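The chains carry the letters A, B and C, assigned in the order they are written, with residues numbered from 1 in each.
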Amino acid sequence: MSYHWHWGVLFEPEPGGTGTYLHYLLVGLGWTLATALAAWVLALAIGAAVGTVRTTPVRWAVRLGDLYVEIFRNVPLIVQMFLWYFVAPELLPQAAGDWVKQLPPPWGMYFPAVLCLGVFTSVRVAEQVRAGIESLPRGQRLAGTALGLTLPQTYRFVLLPMAFRIVLPPLTSELLNVIKNSSVALTIGLLELTGRARAMQEFSFRAFEAFAAATVIYLVTNLVVVLAMRVLERKVRVPGMIAAGAATQAGH
Amino acid sequence: MIRLARQVLAQLSPGFSLGLVLAAAIALPAAAQEDTLDKIRSSGAITLGHRDGSIPFSYYDDQQRPVGYALDLCLKIVDAVKAELKLPKLEVKYQLVTSANRIPLMANGTIDLECGSTTNNLERQKQVAFTITHFVTANRWVAKKASKIRSLADLKGKTIVSTAGTTNIKQITEINAAQNLGMHIISANGHPEAFQMVETGRAVAFVMDDILLYSLAAQSRRPTDYEISSTALSVEPYGIMLRRDDPAFKKVVDAAMVRVYKSGEINRIYDKWFLKPIPPRGLNLAVPMSAQFKKVVAHPTDSGDPEAYK
Amino acid sequence: MFSGYDFDVIGRSLPYLFREGMTFTVTLTLLAMTGGIVFGTVLALMRLSPRRLVAGLAGAYVNLMRSVPLVLVIFWFFFLVPYIGAWVIGAREPIKVGTFASSVITFTMFEAAYYCEIMRAGIQSIPRGQVWAGYALGLSYAQTMVRVVLPQAFRNMLPVLLTQSIILFQDTSLVYVISATDFLGAAAKIANRDYRLVEMYTFVAVVYFAVSYGLSTLVRQLQRRVSVVH
């Protein structure tokens, strides 16, 4: 192969003067995690709400939930990212839109990215929460009614605590997905890890070293997150209940 | 404990496979580079890299066909290559490139000539080669007149934009650090996107070669809203890019360019793109040949040193 | 809220958007889907092989592809394929690979990891009795797989495979990062050339929604018809 490797480039200073290229990439990892975690929390909040609502007998709420899920599931992530970043500020009233556009980078890209990723991921969370609640025996809901609990009380004290424990494994794999999906934010200028790897390639002309370093960093991050999640799952697991959401489900 | 070890191993296996791939890549001997002329002769085709928004050097007309000043010069080179190789016909393929990927695509063989607005400088000559300079421009910025940006100091703490992979963004990043200007620099995917950021108010200024700024502003909805800085951050000679360490091909390309300059044909081509209406909207840029470029036409050079253009 | 927007730009650019952009997207999707399912099935068989090395290699490949963002994989193949191609065919210089070819290879290789997991689940869900019956009839391993197991597995997993393909269709929009002219790329070009970001991106979202929703509705109907009861 007529490519001359030069791994030392990782220790050369990057043009912005902030340090070595390796440091530059690791700061990118910081942004990746900051975006991913904020988006994941948002996704859990919205997704749990939407998923729960879709299991209630309230017809119009179920329809709304379905509409929400269908809209954000059928538009590609990068298109949603463009809508949040380019189109949303234009649709706000003039003053609000201008304020949003004036937000200095990286915050001007961070907030749209978090909102976009949060909403996108919330759809999958909603599906998993719904599957989790529906996998509970029907008798649970009926027992709640028999005890004189109202519908919200049944959810709060009987159904949801069990459902969340069941869906924890799929939910933690959603964190891994969000970390990977955060790379799409580079298209709106957020300099997370992949974006910085590309910038490093542009400044130093060292494509393979840059992308190899980024790949290794993603693999290590993956490993750490998976191990941390295993610990969390073991603490929260309910013996005897099988998790809803099989590996045969399509997706990334 | 064993389960933990097994999980760690499962997670590390992708890393091992990656390591194997990289080790194999390093172990393979470095191959000798094939001559571009041989490649063209055997494939019967030449691939030109072009841009989509570098007006008037290399861009799309309203039929989405690549046209431009640099492309016309490249087509002259193609004629010369065809004559040199004595081919009955030579297929011309077009490959869209961006500022960010033009150098890697040249290095990995996807394109044979890059016909656009690429700055020839000594650092890039470590990766690629350039033929005779076809334009001399300067690195400036465009901003809305209402923003009242008169000098570099006025940009302190503001948000500016430049295009990914250009000498301009690299330079402004370095200046930002060296002079502690605290500017926020956005990297856009292309020139039209970057200009849009100034238009919509996301960025205060767009740092780029003045000729490109001039054409983008002239094509915008309200050209009179914009002004281009008088401050020039550097001199940028444009050159058509080709592969490094390929003297036979470079000789043919250089000879073709020199022939165009010496015969005076360069004046006709220059007039067509800078002094007459150009597609897609018939805009006339009305930019006469600069004194620096006239000097290059009289004494053709492929130097990457800005000093040679003073 | 929508005053002052020129939605006519969509009408004017429809030919370009669909002739260039959508053709790229659809062709890429179909090619990557076919290649991905074929390669994915091969990977699944490798993973289920009793030979440790073969299973390990396939497993490592699948884990690698599933641990890394698709955007990064797109960049890898974009820069790497010319070198690998040259090494494979023994050329002395990196071979010429355009954006489309690079994209097809990327998505085939990437999606194969996901199709592999689906096919693996499908193959494993076929009762072992089928395999033993095949051996009892004198079929070899290969014949049993090809004639008995895989057709059933494929039919069982068809809805999931199709759903994954719809996701693939949406993911092709990421070729934007290598400036390919797929449907989104074509719309972005027009949006930036004519200063019509709102109109074009909204249109792109609507088209993707219509196609994806339409296809997933069809898959749901198919699922109701094709479910095999054991």
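Some observations on this one:
As a working rule, a residue touches a chain if its C-beta (ideal position, glycine included) is under 8 Å from a C-beta of that chain, and two chains touch if they have at least 3 such contacts.
Since the structure is predicted, the reported quantities are computational estimates derived from the model, not experimental observations.
Centroid distances built from C-alpha atoms place B farthest away from chain C.
If you tally contacting C-beta pairs for each pair of chains, A-C comes out on top. Centroid to centroid, with C-alpha atoms defining each point, chain B and chain C lie 33 Å apart. Centre to centre, using the average C-alpha position, chain A and chain B are separated by 36 Å. Note on chain placement: the centre of chain A and the centre of chain C lie 22 Å apart, centres being C-alpha means. Contacts with at least two other chains are made by residues 1-3, 90, 187, 198, 201, 207-208, 215, 219, 222 of chain A.
Shared interface positions of chain C, defined as residues touching 2 or more other chains, are 64, 67-68, 79, 83, 86-87, 92-94, 197.
With touch defined as above, residues shared between interfaces to two or more other chains in chain B number as follows: 11, 14-15, 18, 25, 28, 31-33, 104, 107, 189, 200. Those residues of chain A that touch chain B in the complex are listed here as 1-5, 15-18, 90, 98, 101-102, 104-105, 108, 187, 189, 191, 198-199, 201-203, 205, 207-208, 212, 215-216, 219-220, 222-223, 226-227, 230. Note for the complex: chain C touches chain B at residues 16, 20, 56-57, 59-61, 63-64, 67-68, 78-79, 82-83, 86-87, 91-99, 178-179, 181, 189, 192-193, 195, 197.
The touching residues of chain B, counted against chain C in their complex, run 10-11, 13-18, 25, 28, 31-34, 39, 47, 52-53, 60, 64, 95-98, 101, 104, 107-110, 189-190, 192-193, 196, 199-200, 220-221. In the complex of the two chains, the chain A residues touching chain C come out as 1-3, 70-71, 73-80, 82-83, 86-87, 90-91, 176, 180-184, 186-187, 194, 197-198, 201, 207-208, 211, 214-215, 218-219, 222, 246-252.
Against chain A, the residues of chain C that register as touching in their complex are 1, 64, 67-72, 75-76, 79-80, 83, 86-87, 92-94, 114, 117-118, 121-122, 157, 160-161, 163-164, 167, 170-171, 173-174, 176-177, 184, 188, 197-198, 201-202, 204-205, 208-209, 212-213, 216.
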